[in-house]
Amino acid sequence: MSVLEVRGCSIRFGGVQAARNVSLQAGEWEIVGVIGPNGAGKTTTFNIITGFYKPNEGSVWFKGRDVTGLGVHERTALGMGRTFQNVGLVKSATVRENLLTAQHLETGYSALAGMVGLPSTFVAERRLETRAEALAGILGLGDLLGSRVAGLPYGVLKRIELGAVLATDPDLLLLDEPTSGMGPEEAHAFGSTLLELRREFDLTVVMIEHHVPLVAQVCDYVYCLNFGELLAEGTPDQVRSNPEVIRAYLGQEAEEVLEAS
Amino acid sequence: MPNILASRSARIGTAIAVAMSAVMIAAGQKQALVIGVITGAGYGLVALGLVLIYKSSGVFNFAQGEFGTVAVFALFALHDQMGVPLVPAMLLSLGASALMALATERLIIRPLFNAPRVTLLVATAGVALLAISLELWLGEARARYLQPALGRLDRLSIFDVQVSDQRLLVLAALLLLAVLLGLFFSRTTLGLAILGVSQEPVATELMGISVKRLSSFIWALTGVLAGIAGMLTAPVAGGFTPGFLTSTALIPGFAAAVLGGMTSLPGAFVGGVVVGVAQSLAVSAPIFYENIPGPGAVMVFVLLLVVLALRPQGLLGKSS
Amino acid sequence: MSLDARGSGGVPQVESVEAPPVVEGAVAEAIAVEHTPAPFRPSMAGWFVRGAVMAAIAAIVLLLPATKGAVDVHIYTQAVIFAIIGLSLNVLLGYTGQISLGHQAFVGIGAFTSAYMVTVHRQPFIAGVGMAMIIGGLQALVLGAVSLRITGLYFALITLAYGTMAEESLFNIQSLTGGSAGQPAPKPAGFTTDLRYYYLCLAFLAAVVWVDWRLMRTKGGRALSAIRENPRVAATFGTDVKVYTLLAFVVAGVFAGLGGALLAHNDTFVVRDLFNFQLALVFVIMTVVGGLRNRAGVVIGSAFFGLVTLFFEKLFTNGLDIPGIKLLPKEYAAIVIGPMLLLFTLTRHPGGMGQQIRPLQRWLRGGRFSFKDTHDDEVRVSDVRA
């Protein structure tokens, strides 16, 4: 049974068709890659999946259920977690506060109870803190819990964001360019981390990526988008050697060079 | 100047105004209608200044009303109390409001230029409060009366309604100003530069136009506009008190500007008239004034709410 | 397998993931920036001094009013009520980033509701206050619903128009508000003296501070902060942005309604002329000058504005006398000083009073006393969404 199914989604903004008939699937515990040149509609597709956009056509199915009409927070409640290209965190808050905020759905008490200050909320808060500390520990952020997010290095921010997403207890992880700004070694290391996290947390992953070796390293299946449409799909090797894909990325000349060599 | 009736939205706005007018005439409320148009003209003047500043610096200027009130206080002090002849007194008063606007721009707007727009809004509101408090302190809380510029009343009649010269003056002044400003922004280099500043400050600067000087000019101009609005409407409003232009014309002025989409000068004009007539309708219709106290304020609130909720870009503005 | 506790002591037994060397380097770098040596602990003498300072503050708040006459105490009570109102506005402006330039309407509605309940319906004080809080919350809810549709600067306009409408229309409804004559609002039985009423209001303030504290320490407050800064992130973290925005309005409305009711009974009479544009701005000013999102700052800033007429009176009997220019009547003290402080705060010290007392706060909590302020990004009216 597939965890995520995008069925023929299209969306138009003004005169621009940002996505046209995009379909993709992710099966349980798969790591699926979404690649394509800039502006191909990858983040747009993510926004449709997570609920920031409502598609003009098509539907999104999550764990066998049509979620196309649900709001972003409702999809998070169902188990969708998502990271952003420019790091989605509450920058003015500390790392700890971010990890606590991300546990919004896990608190076990209502906002009202929290405001009034019922004794159970104090206990619940302690539990949330422990969980936050554990998450921080796993990602090597233990010493940074009290630090304000703004001003921390970019790579660290990405890890905090990952921690926050994990705090929402997701089944599906949607990562938008998680290795942007990383060199090849870091990206490779991230790949190993991702495989570990998948194992530890029973995750299915869909990730937008530009690092081709990383995609080859971890992805079970790859979709390539271009101009808002699905260009090719298959295993990493299949997609990598697909001439259409190469042309999309590198242009006509490169393909001719490859043919000549 | 672009034909203001050319766009569909302008036609909608004018149609609404005409419809409301027809209702009022049919209901025998011609007096109220004419007053509404003229009060609306005053709102339009205030709205012009608001739109100017919004177009050039993206600020909602809550001190706009006070620029006008200050001019009125100055005029009273100079002409009615100190006996300075009328025309020099008026010019000096306009100078006072221009000065206040310039001071606001220099001391408040510039330092906060990179702050979010809401900070600036709160800051201009602070300026307004300061002005009101100084007026209360140095002036008095009670109402004072400004001699109308033209003494002879009831010289002309429109639709069988006696209209005082003062009111005609307001209407004529607004129309003239609207036309002049329209020409200014579309034909003169300075006007075009001002429009350029609001869209591309860096490019404007690179073309050798001092953005800072332009900004000062715009604010001074706005101060003058507000001053004219105050001086024209105070004599017919039946008295002026500290902060009167803020309490009577600021929100309707904003409503007028919003109706014009915050970016259209002719839109502010049409918007002002619409607000004035709508308010007059509310005040004169028995259904309203018998059941709801303060119908004018309610009408403006509802108007603002409806326009912003349905068509955030206003009647004449462009879709963003 | 999830993160929740299995195994011993509630500490999850998760296989530790080895942080790759390159990543570790970045972390070490970050640590070097933030890590401080062993935490500072005050000595016994240090704690004693801190305790003495806190006792002194408590003494001033609790005991000083008992030594003063009724007129002075009346103003102290006003300061306490202003603190409640400031905290209510802070929930909207500070925590959630929603502008409210019509807050005098929230307060006025609370005041008139309580007066109406007590005078016209002959209900006890507690019913008046309760109703004021309910109505305050409801009208704020309506405004909150509007804010979901109309945002930023335009919403600010709406709140201003709303305040004006309340002033000119709502508060003129003869049957509800007594029209221009106003409505009586006697003090509650058992608290008829100014001093007793002061302590009652202080108790209410303590309750409001408690709720505010718990709000910000639990999911509700965290949700509001996230919404203020980045609603998309808040939604991704599972927060229903619409519901929590409305919650913020309701909380602000309830506190403001409470403040209004207490204000009405403090003056024993409510008149509509009090709730004008100037008051709305004074409320915004006292919250911003106090320091947005800073509870202690807001309380101090608001109290300051509540007391300012008193200060003026003490400093310059019957007004400020500048030779050659008119006396500044003490009634106008707030609206003359207010804007000046506001503009000063916005341009020079965005953190307001709260930022200035932060060293003192840290010291009282057991830290070292230093003027170094590390939270310069803390407060800006900036974070208000526009």
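Per-chain residue numbering starts at 1, and chain names A, B and C are given in the order in which the chains are listed.
The rule is short, and it goes like this: a contact is a pair of C-beta atoms (placed from the backbone, for glycine too) under 8 Å apart; a residue touches a chain by one contact, two chains touch by 3 or more.
Keep in mind that this is a model prediction, so the values were computed, not measured.
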Query: Quick one: most central chain, C-alpha centroids?
result: C
- prompt: Measuring between mean CA coordinates, which chain is farthest from subunit A?
  reply: B
Message: Please tell me the distance, in whole Å, between the geometric centres of subunit B and subunit C computed from their C-alpha atoms.
response: 34
Field: Whole-Å gap separating subunit A and subunit C, where each centre is the average of the chain's CA atoms
entry: 38
- prompt: So, what's the distance in Å between the C-alpha centres of subunit B and subunit A?
  reply: 51
- prompt: For subunit C, what residues touch not just one other chain but two or more?
  reply: 383
Query: Among the residues of subunit B, which ones contact at least 2 other chains?
result: none
Residue ranges of subunit C touching subunit A (in the complex, touch as defined): 1-5, 10-12, 14-17, 19-24, 26-27, 29-31, 34-35, 210-211, 213-215, 217-223, 225-226, 229-230, 232-241, 244, 247, 251, 375, 377-378, 383
Message: Quick check: in the complex, which residue numbers of subunit C touch subunit B?
response: 99, 101, 146, 149-150, 152-154, 156-158, 160-162, 164-165, 167-170, 172-174, 276-278, 281-282, 284-285, 288, 325-326, 328-329, 332, 335-336, 338-340, 342-343, 346-347, 380-386
Message: Residue numbers of subunit A touching subunit C in their complex, please.
response: 50-52, 71-73, 76-77, 81-82, 84, 88-93, 97, 100-105, 107, 109, 111-112, 114-117, 121, 125, 127, 130-131, 134-135, 137-141, 143-144, 146-148, 150, 152-153, 155-156, 159, 164-169, 183, 185-186, 189-190, 192-193, 196-197, 200-202
Statement: Within their complex, subunit B touches subunit C through residues 60, 62, 107-108, 111-112, 115-119, 121-123, 125-130, 132-134, 136-138, 243, 246-247, 251, 254-255, 258, 292-298, 300-301, 304-305, 308-309, 312
